[in-house]
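Both of the next two complexes hold chain A, though its partner changes from chain B to chain C.
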Partner chain A sequence: MDPLVSIAILLAGPLLVGLSMGVDRRITARMQNRRGPPLLQPFYDIGKLFSKRPQMLGDLQGLFAAFCLTFQAVAFVLFAFGGDLLVAFFISSMGAVFLVLGAYSAPSPYSYLGANRELLAILAYEPVLFLVIIAVGINGSFLASEAPAGLLERIPLALAALVPVLVILLEKSPYDVPTAHQELVSGPYVEYSGRYLAMMELGRWFQLAFVYGVATLFVSGPDPLTNVAVKLAAAFILLLAAILIDNITARLTRRRMVLFMLTAGVGLIALNLIVLYASGVI
Partner chain B sequence: MATGEVATALLVLVPLAGAAASLLAGPRRLQRYIVGGTAAVLIIASVILLLDMAGRGFTALSISPPEELSTVVEALGIVLTVTFLYFGWRTRSVLVALFSVGELIMIGLLVASPGSEGPALLIDTLALVLVLITSIVGSLIAVYSLTYMRDDPRRGTFLAVIVAFLGVMNAAVMCNDMRWFEVFWSATTLFSFLLIGHARTDEAKNAARLALIINTGGGLALLMGARLLQYYHDTYLLSDLMAGGAAGLALLPFALLSIGAFTKSAQLPFQSWLLAAMVAPTPVSALLHSSTMVNLGVFLLLRIAPSFQGDLTISAAIALVGGLSFLATSVLAMTNSNAKRVLAYSTIGNLGLIVMCAGIGTPLAMAAAMVLLLYHAVSKALLFLAVGVVKEVRGSDDIEDMYGLRKDLPLVTMAIFVGIATLVLPPFGMFVSKWLISEAAIVFPLLAFLLAVGFASIVVYYFKWMGVLLTSVTGPGRPLRNDASLRAYRWELGALSAGAVAISVLIGPITHYLIAPFVARELLLPGLTDTLTLFTAGGELQAFLLLFLAIVVFLAARLFLRPAGGDTPYGGGEAVDELQVGGDYYLSERSASRISRAGTAASAVLVVLLVVAPLISEVL
Partner chain C sequence: MGFLDRVGARSPWILHFDTGSCNGCDLEVWALLTPRYDVERFGGVNKANPKQADILLITGPVTKKCEDRLRNLYEQVPEPKLVMACGNCASTGAPFHNCYNVCYGVDKVIPVDVYVPGCAARPEALIDGLTKALSLWEKKALAAKEVKE
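And now, the complex of A and B:
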């Protein structure tokens, strides 16, 4: 892969995720008959957080925030430079673990409950994301730079399984269990402030960029321009699906979240692979 | 005698001599010197063996001991079996008696039917890795138990058995002749029985009895496998086995040997003995789980793996037993609050992964299995020893009693964190095996589904535990500077922590020099040779680069990120004086036991299939 392209992906990824957050807030506002914030509001938020003086409870929170951001960023760097998707997945999942550890290390009730729930969220979305990547690997290679063509035709259900994964990662109903703002304020993030909160948020952007990135591997266009266009469209459709689900559902319990992901989410991919084997494609 | 042969002899004979000396030595001081000296000799001898192997380019070293020694080993085997018979009578166990009578008959058949001649001992890199684990990790555990068992009236016996265990374990992994292997295998059964029953409480006695029943049963399967190996393949030597090609009844010996391996490695459906063995003192758990005993089963399986690869039913059944053991124990570990039990489940799960790899049998999977074996041993020993210190200080090994441990015992918490991190987190060694296994599993996608849920469960149960250690119930505050209780154990925990990190740094050379030669013995291995980046057919891992990055970020964050502390926690308007905590264990005891029963039943079916499949394929 051309290093310039990689660097472009690396820079564009988190920026586009930030922008998608703005789009998300606008669309959600319109669905609820509000005007919504400016499109660039997520960037303003990050900027403002960096200028604030942090108030933190635990002495390890900063360390864990740094690790969270680094692991997520490294995962996306690996993806952008065409590295191994499984390695990127494992590294990204460690970023999520440091979010949990950071929350545990603050002696605060909401943060503690949030951490407990975040672990369950990991239990729910990780197997599905792992299997999506395995499904990609079965069709050719685990290297992002050598992603086989025509994945959408071969494993469409794996792409569909990414929707609930995104719902959890975007902290949207019905699976906004860990951060549940009416119950837990913002769960694992509650004792973070200032630049450390900004680091956590950026970490989340990188994590989402990686997941959207996996989704973009499913489609490709004949020339560079259409290629970029269809890839962006694929990511955007996933986002729209998540927003729609968010606005028409209410929060479900932790148990329901885990059960749904481990039955329906895993089942979708299993079904897809069985069909592939039965039809002799692989 | 060449250097390698001297080292080999030392590795077996010095621990046995040390055990005898420890039994006879009265005063405590003397025991310290005996165990410490034995440990030092073992560590040095194993390193000499490593250097000797390195000097010969890591080619296998075959040793043919004198004829008289064979007779001694044979006699030892009979003595051991008679001892089992005696303990069967003592514990009123009909099964043990039946199994040991069966073993005696099998030994008689083995003596009556000589196989082809060849070296009885063979040290290749698989044996070398296991010798290093036993001699270094095992010695540290022995030294640890010097302090840990200081108030025990029968400390001498305890230490003697531990030290002797290391000797027979070293001997077992160097065996090439099944007749020799079986003897040392039985010796580990006997020693584990003695160690588990050490406390002499009813619970300990029952646990020891259970371990004896299952392991003598496994020993019988092993002996039957060895006899049939001679019958169908005309040899007792593991090095004579051909890769693939066996079909029909000729597969039966491998099925029986695998069942023996399952009992020793506590795979489902034979897991109960290892879980019950948790009543034993912590060093025993550390020894059984990390550096000896359970490794022997998977060692045998890795040795015979190429021979059953031709048959899809056998290899699939073995892979599934491993996969099921991994999945079931990972889920059960999430529902358990006892640290030692969680670690026990995790051991069975990790060994399950190795068994799964042996079943898959591709070079990639075999490499993954060896990486797992090595890195698991070091990290698991560290975790058990750290839990032992917690138990000594807090009087409990329940995770629910460990809230805020970081404040009271910062160094133990650090040791537990290093143990968990090296077991789960990238870029440490275990993660490499996780990655290798995942990429190896695509040849058998059903396994990927077991892995998916299992891996996520591992993250949940380990980091839930880590969260407990970090969660301070009494509000914010700095950890204690002086960790007095840890003083006694700082060398053992420190050495294992440093070792766990060091072997992760050395992952490149280790896969290149220690793992690739064994894996590539029969099967050609693509990639996996570069010393900085690991490659597979469809993937790559910049292990060294990642590790470097993690260290840089850790240091930078420690130096520059010092959040201002001392604020009050957010309580939604209410004052938070004390944090109300309570772990979430997700499943009720009933559903947990249902999962355990389902896993056991499913793998029992697979084990029956293992034995029946060769018969059926012979008939068809």
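And now, the complex of A and C:
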């Protein structure tokens, strides 16, 4: 892949994710019959967090936040430069583990509860995300730069399985279990403040950029312009689906989350792969 | 004046604390946060967490039982921070004049930036107070920086 294109993806990825958060808050507001914040609100929030004095309970907390951001960023760098999707996935899940470790490093019951639930969320979405990447790899290559064309026609159910993954990662109901605002205040983030909270949030942006990136591999256009447009549209449709689900459902229990992802999520991809195998495509 | 100091005024995360109010002002604060008055237009989100809050919306005359808790919450909020006394009770302790169990207003316990009068303080008045408080943000950010240096 052209290094310039890679650098463009690397810079645009997190910025677009930040913008998508603003779009998300705006659309959610319109669905609730209110005006909503400015489109750039997520960037204002991050900027403000960097200007505030952090109030931390220990050195480890900040260290884990930095590791969380670093690992997610490295995972996305790997993706942007056309690297191995599986390696990027494992590095990204290491970042998610550092989020949990950071929450455990603060002696606070809310933080502990949030960390326990975050572990369950990881248990729920990672097998599905892993299988999506396996499905992509079986159909061609695990290298992001050599993703085969026409994945959408071959494994449409894998793309559908990314919707609940996004719902969990975007912390939206029915699966906003780890950060359940009304029960746990903000779960694993509760003891974080200032620039360390901003680091955690940026880490989430990179992680989402990676997941959206996997989704964009499913579609492609003939020339560069339509290619970019189609890929952005695919990511936006996934986001819209997550927002719609968020606004029409209430939170379910953590047991339901894990059960749903490990049956319906894994089942969808397995069904797709079995059909492909039976018809002799793979 | 750094860009980061200005941008803070566009993202006021809210902590609402009831120090023994009759719930009149609390209902109005909640009206502020819900779709009709939608304070998220100004970037305001109810965080319910002192460590992540920027502006405290305090209601009630501050009972003696609440005094320490209010001070504790205030100390947990990282600088720069703003405090808004919502309603007559929070501003002066008005109807509780000479009462044995209250502190007569938020400013007897912690420094207050903006007083919003009213019984109960109307959401429109609260929005007015919020924007007035946010206009003080830059000054607060500078002051916090000086203290650090």
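Miscellaneous remarks
Keep in mind that, in the parts below, the second predicted complex is superposed on the first by the 282 of 282 C-alpha atoms of A that agree within 3 Å, B and C clash if a C-alpha of one lies under 4 Å from a C-alpha of the other, contacts with A are read in each partner's own complex, and residues count from 1 in each chain.
Note that a contact is a pair of C-beta atoms (placed from the backbone, for glycine too) under 8 Å apart; a residue touches a chain by one contact, two chains touch by 3 or more.
Keep in mind that this is a model prediction, so the values were computed, not measured.
Steric overlap between chain B and chain C is absent once the structures are superposed on chain A; the two fit side by side. By the touch criterion defined above, A:262 reaches chain B but does not reach chain C.
Of the two partner chains placed around the shared chain by superposition, neither chain B nor chain C is touched by A:165. Contacts of A:185 after superposition: both chain B and chain C are touched. Of the two partner chains placed by superposition, A:9 touches none, neither chain B nor chain C. Of the two partner chains, chain C is the only one touched by A:25; chain B is not. Within the superposed three-chain model, A:200 lies out of touch with both chain B and chain C [touch as defined at top]. Using CA centres, the angle subtended at chain A by chain B and chain C is 120 degrees, rounded to a multiple of 10. When the two structures are aligned on the shared chain, A:126 is found in touch with chain B, with no touch to chain C. In the superposition on chain A, contact is made by A:54 with both chain B and chain C. Among chain B and chain C, the chain that touches a larger number of residues in chain A is B.
Here's the short version: in the overlay, chain B gets within 7 Å of chain C at its closest Cα pair. Shared interface residues of chain A (contacting chain B in one complex, chain C in the other): 53-55, 185, 190-191. Residues 53-63, 65-67, 70-71, 74, 83-84, 86-87, 90-91, 93-94, 97, 100-101, 104-112, 115-116, 119-120, 122-123, 126-128, 130-131, 134, 137-138, 140-143, 146, 185, 190-191, 196, 262, 266, 270, 273, 277 of chain A are the ones that touch chain B when the two sit in their complex. Partner chain A is touched in their complex by these residues of chain B: 424-426, 431, 434-435, 438-439, 441-442, 445, 448-449, 451-453, 455-457, 459-460, 463-464, 466-468, 470-476, 478, 538-542, 546, 549-550, 553-554, 556-558, 561-565, 567, 569-572, 576, 579-581, 584.
The part of chain C that touches chain A in the complex is made up of residues 2-5, 7-8, 10-11, 35-36, 38, 40-43, 47-49, 51-52, 54, 76, 78-80, 141, 144, 148.
Remark: chain A residues 25, 29, 32-38, 41, 44-45, 47-48, 50-55, 181, 185-186, 189-194, 197 touch chain C in the complex.
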